[in-house]
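Two complexes come next, and they have one chain in common, subunit A, joined by subunit B in the first and subunit C in the second.
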Partner chain A sequence: MTATVALTTTRPRWQTGVRVAGLAGLGVIALTVALSDMIARAPADRVNVRQVSLPPSAAFPFGTDIAGRDVLSETLHGLAVTSEQAVIAALTTLIVGALGGFLAARLRFRLGYGVRWTAGIFGAVTPLFLAILFIAVTNRGLAPLAAGVAAAPLAFARTFDRASGLASSRHAEFARATGIGALTLLRRDLVYEMRRSLLAIVGRGLASGTIILSTVSFFGFGALPPHRDLGLMIAGAFTTARASGNFSMWWTALFPALALALVILMARLAAGLEDGTRP
Partner chain B sequence: MSEPLVTLSDVSIRRAGRNSPILDNFSLTLAAGETVVLLGETRSGADALARALSGVPSASEAIAGSIRIGNRSSLAGDIAPYKAARIAYWPAPEHALAPNASALAQLVRVVARKLSFSQAEARAEFAASLERLRSRVTIQDLARPAALVSPDVLSWGLLACAVAQSPELLIADHPAGNVAPSVAGALVAACLEAQKRQHFALVCVTPRVDVTRRIDARTIILRSGRMIEEGSIAQLAGEHAHTYTRALFHTQLSPDAAPGRPVGRGEPVLQVFNLLTKGKKADRRDALTFALRRGASLALVGDEGSGRRALMRVLLGFERPAEGRIVFDSVDVGILSSTMLSRLRRRMAVIAGEDGALDPRLTVHDTVEEPLRARLHLTRELLNNYRDAALKRVGLAELDGSRLVAQLGPFDKRRLQVARAIVGAPLLVILDEPWRGLDALARNAMRQLLVDFRKAEGPAFLVVTNDFAVASALAEEALMFDDGKIVERGLLADLVKNPKEAATQRLVTAAKGGLS
Partner chain C sequence: MARFGLEAALRLILGLIGAVFLATAIASLPPYSAGGFWQSFGSHLVSVAHLDFGTSRVSGSPAAAELLAHLPATLLLLGFGAVIALVIGIPAGLLAGFSRAAPVAGPLLLVLEAFPLFVIGIAMIWAATVLYWPLDTAPAGTAIPGDVLSLPFARAIALPAILVGLGGAGAIVTRLRQIADTLAYAPYREGLRRLGLPNWEIGLHYLLPEIAAGVLANLGEVMLALMGAVIVAEWIFQWPGAAAFVIKSVALSDWSVAAIILAVFAGLTLVADFIGALVSRALVMADHP
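== the complex of A and B ==
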C-alpha cells in the first residue's frame, strides 16, 4: 500500500564540453599551421626523384608520393593553406550571411522578405556549385571568398528568420512603444545574439568553408602548385591511383584526408554540434 | 464510516539538487465526494503534491511516504494504481495543451483514452459534458489550435474534459489559471455543481484566495513545503488564524476600496477623440472619446473581447486606428513621423502582466539602464546611480545585476519592469493586468509599489484590466467596455456602488464574489 516513486534526472552539459574540446583542437591546429614551415622537414612541393613512392617508415612517417615529396611535410603545408583559406571563407560567411541576414530583417517588410526569398533560392543550390560558378566568373584566386559566399545564403536565411522573430517579439514591441529606437534594438539583438552565436556561426563557416574549398580544389577549380591544399593533394593521389590502376599508394590520400577530417570535426565541435536552429 | 478515497501518510517530496524537501511529511485523508483546497503560493509544495497525486511527478522529484488511493493502491513504485483509480486532472489553461494541435482533438483524445472509448464516442461524451456545464462555450470554439483559443474558453474545455471522465477524484491544479474573476467564479460554480451530480472527491490546488473563498470548503494552507494550518474559510479568514494565513486573506483586494474622488486636475496628458479601432465593423456611434489628465488614473475595464485591449494596442502604437485622433502630451500622434513618434513615446512606460514584456537575454542592469542609455548621454557613475536607485525602490537592490531576465521569477520580472519605468520618468504608464500570475502576497507588494511610484513621480496611470478589484486599487475613474464600445464611465466608487449596465454588474459581482 505504499507508493515510492524515485526519479532523478541529470541535465547533460555535453555541449559545453564538446565546445571546449573543439576549441582546444582548433587551437592545436592553429599552432601547427603557424609553425608548419618550422615543423615540416621540406619546403612545399620539393621533389626528390631518388625517394619516390616510399610507404610510411621511420624515415618518412607519412611516406612519399610519386614525385618523391615527403607526405608529412606536404600535409602540413596543405593544412596551412586549407586552414588559412577556410578562415577567410568563414569570415565571409559571417559578414555576408549572418550579419547581412540580421540587417535585412530590419528592412521594410516586402524588401526584407524579397531579399530573404532570394537567399532561399540560392540556399537551395548546392554550395559547391555556387562556389564553382563564382570562381568561373571571377578567378581561382578568389576561391576562399567563393567558398564563403557559397555558404552565406544558408547563414543569411537562419539569421534573417531569427532576427525577424526577435524584431516582432513582445519585448521588442513594448520597447518600441516606450520610445526605444530601432538602432538601439538592432544593437541589442546584434550584441546578445552574436555573443551567444558567434562561435557557432564561425565554427560552422569554418567547417563548410573547408569542405567547399577542398572539394573545388579536388575538381581543379581551387589551389594550384606550389601552394597545394589538402583537396589538391587528395586529387593528386586519386589521379595516380587511376593511372596505375590500383590504390597501392594509399598513404598519399589517407593522411591529407585525415587532416581534412580533423579540421572539419574540430570546427563542428567548436560550434557545439548545433543543428543550425540558431544563427 | 466509509473507507477514505485518498490517504496520504507522511509524504515527502524532494527535488534533485535541493537540500530541503519541497513537501515535508504531509498527511491527508479525503473521503468520496469531499472537497479540500490546498492554498499555497509558489514553492509552497502544493504544485508538487498535485503532480504526485495525479501520478505524474516531475522527473527530478523523488517521493517518499505512503499514497493510498481507494482500496486498489498496492503500489510498487509505478503509476498503475493511478490508472486503476479514476482520477481526472484539470490543469490551468496556460501550457496545458500542445499549442499547434487542435484543442478539441487533444481533449477528446484524453477522454477516449481514459474511458477506452472510440474517438466518436469520446467526442459525443465531451460535447455532452460541455453542455452540462452550461457555459457559453461550444465545441466549435475549441476546434482550433490551442494557441489560438483564449484561456477562458480553454478553461471550460479542460473542465469539461475532466468531468467527462466520470472521475472518483478530480485534481484541479491551478484550475482558473490567470483568467478573470468573473470566469473563475463561473468555472468554480460549474465544477461544484458537477461534483454534486457525480459525487467525486475534489482536490483543488490554487494560489488564488478568491478561488478558495468561492469553493468555501476545508482548506489547507501550505508554505515552504509545510502545512501551516487547516480549517474552514470562516476560521481561516477570522482573526484567530495564523499570521501567514491572515496576511494571505487580507491581501485580497476589494472593489469597494476605490477612492470617491478623482486625482489629477492638470493638463490632459492623453486625449482620445472619436477613435475607432480596426477589427470590428466601424460604427461612428461607438467611437471612443476620453481624456486623462496629468497625475490621474483611469481604468479601462472589460471582459475578454470587449475592446479595451484593442484600444490599448492602438495607444501603444502596435496597431493604427481605423479612425480618430490620439493626442499625447499636446501632440497629435497621427501627424508625426516614426522618428518623432518614437521620441514622444519616451514619456510613456508599460508594465504588463506577461513574462515576455522584458527581453529575456538582457541582464538585470542592462534592462534598467537601456532607457537611460538610449535617451541620455550620462556618465557611467550617473548611470549607475540612477539604476541602483530604481532597483532599490522596487526592492531589487540585492539582486545580482549580471543575472539574466530569463532566470528571474515572475515577481522579480514585474518589479524590474517598474524599475525600468521609474528611470524613464514617464508622463503616462500603461498597466496591463499588472499583477496577473502573481501570488497573493506578491500582488499586495506590487500594488503598494505602484501606488508609491505614482505618488512619488506623479505619472498618469492607464490601467487595463478585467478585474474591478485591480482597477479600484490603482485608479479613481473607469471606462467600462463591452462589445467594442464604452458602455459606462465615471468614478470607480460610483460604478462599484451602483453599476447600471449588465456588463458592469457582472464584473463587479465577480470581483466581490470572492469576498462574500
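== the complex of A and C ==
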C-alpha cells in the first residue's frame, strides 16, 4: 500500500526540471528588461531615414524597419514595455481573481455565491473582448489593469470553487468543532493554498496577461508610440506589409514575435505543466 | 440526474439574465440622451424588455439587424473551427497527457502554444503569400464569399477556420493535460493493473469515459477559447463576421451594437457550458449507475 502511494503521488522529475527552466528563463528576461536601456544601441523609436528596410546583417543583427529603426533595439524596448505591463496584469489577476475568489468563498450569508454568479457572467465573455471594452470605457494607460481584470473571472471561479471545497472539508469541520475561529481557519487555508499554487497562478497570469496585452495592442487599443510594445511592433510590420502587398520584410515581425513567444513560454513553464486536481 | 439537470438549467437561466444586464449596462454607456448612467440603464432595460435593442450610432440601422447581418458568417467560422479543434486537439492532448511521449510532447506543445494567435495568423498570411494562396476573403462588404458548398467559399474560410481551430485545440489540449494529471494519481488504475487487467482495457472502459466527461464538463472554456480565436481570425483575415464588427463598434463607441453582440457571445458560452455539464454528468452516471 505504501509502495502504491509512493508510486502515485511523486511528481515526475522532468516536470520539476521544466518549472526550474521556466523560472530561470524568466530571470534572464527580467535581467534583460532591467538592462534594456543599456543593451539597446538606440533609444526607443529613433528614426534614421538613411538605413531603411535593411535585412539582418552584422551591423544590424535584427535588421531595420521601414522608418530605419534598429529592430534589435526596438525589440528590447518593446520587451521591456510588454514585460512590465504583463507583471502588473498578473498581479491584478492574482489579487482580483485568485485572492478575491478565496475570500469571497468565506463570505457570510452565502454572499460569495452572488459574487461567484457575477464572476461567472464576466467569465462567459472572452477575456480579449473584456479587456478591449475596459480600455474603451477608461483609457489606454490602464491597459495592464484591463488585461489583469479580463483574466480575473476565470481565476476567481477556479479559486472560489477550490476554497468552497476547503471550507466544507473534514479539517475545516474538525477546526470548527474544536473552537478554532473562522479567521484563523481562513488564514491557515490561505497560507497553504498560496504556498501550493502561488507560482502557478502568477505564471499563468503572466502568460495570459502578455497574450491579452499584445493582442489588444495589435488591435490598436494598447500601447502608443514612442512606448511601443511587442504587439504594436508586430501590428506595424503587418499593416505595412498588407498595405504594400510586400511581405518580404519578414524580420520586422519575426523578432518581436519570437521575443513575445519567449516571455509566454517561460511564464507557462514556470507555472508548471501539471495543473490537475490532486487527491 | 433530474435534480442536476434542474440546477444546471437554473444556472443557465441566471447566467443569461446576468448577460442581459451586462449588455444593457454597456448599451447605457455615454453619451447619454438625458440624465446619467442609471437613468440610461433603466430606459434601456425597459426597451430590452420590449425587444428593442436600440440603433447603431454609426449606420442608423437597428442593432438587431446589424447582428443578424454579421452573425451567420461568425457561426460558420465557429462551426468549422470547432471541427478542426476537435480533430487537432484530441490527438494532441492525448499525446501530451496520456502517451509515453508526454515528457517530449508536453513541452513541445507548450512551445507551439506560446505563440499568440495573431502571430500564427500573420505567419499563415505570410505562408499564403509565398504559396500564392488567394487571400481576398471578403471582397464585397459584409457578404460571405461564394456559396457554402463552393470552392471560393472553401478557399476563403480555410485559413480563418484553421486559426480558430488552433485556438480551440489549445484549450482542449490544456484540459486533457489537466485530466491526465488528475487521473495519473487515481489509485484505481494501479489496483486494476494488479488485478491483471491490461492497459488497453483500463484505458477503454475506465479512463476514456472519465476523459470524455472531463472535457465536456469544461465545454464552456473551450467555447470561450474558440470565441477569442474567432475575434482574432476575423480581424486578421477580414472575415465579414460579428466578432471583428464588435471590435470596430467598441472603437467607435457604438454601444448598442457592441452590447447585443456581447450578449449573444456570452449566451453561446453559457449554453455550451450547460450542454457540456449535462452530457458530462450523463457519462459519469452511465459509468457509475
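What we mean here is this: the second predicted complex is superposed on the first by the 260 of 279 C-alpha atoms of A that agree within 3 Å, B and C clash if a C-alpha of one lies under 4 Å from a C-alpha of the other, contacts with A are read in each partner's own complex, and residues count from 1 in each chain.
One rule holds for everything that comes next: a contact is a pair of C-beta atoms (placed from the backbone, for glycine too) under 8 Å apart; a residue touches a chain by one contact, two chains touch by 3 or more.
Just so you know, these numbers come straight off a predicted model, no measurement behind them.
In the superposition on chain A, contact of A:Gly181 is made with subunit B only, not with subunit C.
Set side by side, subunit B and subunit C differ in how many residues of subunit A they touch, and the one touching more is C.
Once the two complexes are laid over each other on the shared chain, residue contacts for A:Gly220 go to subunit C alone; subunit B is not touched. In the superposed model, A:Arg170 makes contact with subunit B only, not with subunit C.
Subunit A residues 4, 7-9 lie at the interface with subunit B in one structure and with subunit C in the other. Interface of subunit C with subunit A (complex): residues 11, 14-15, 18-19, 21-22, 26, 29, 103, 106-107, 110-111, 113-119, 122, 125-126, 129-130, 177-187, 190, 220-221, 224, 227-228, 231-232, 235, 246-247, 250-251, 253, 258, 262, 265-267, 269-270, 273. On subunit A, the positions that touch subunit C within their shared complex are 4, 7-9, 12, 14, 18, 117-118, 120-129, 132-133, 136-137, 154, 207, 211, 214-215, 218-221, 231, 234, 238, 242, 247, 250, 253, 257, 260-262, 264-265, 268-269, 273-279.
On the side of subunit A, the complex with subunit B involves touching residues 1-10, 169-182, 184, 188, 192, 196. Contact residues of subunit B toward subunit A in the complex are 16, 52, 57, 59-68, 73-75, 77-79, 81, 316-318, 342-350, 352, 354, 356-362, 370-371, 373-375, 424, 426.
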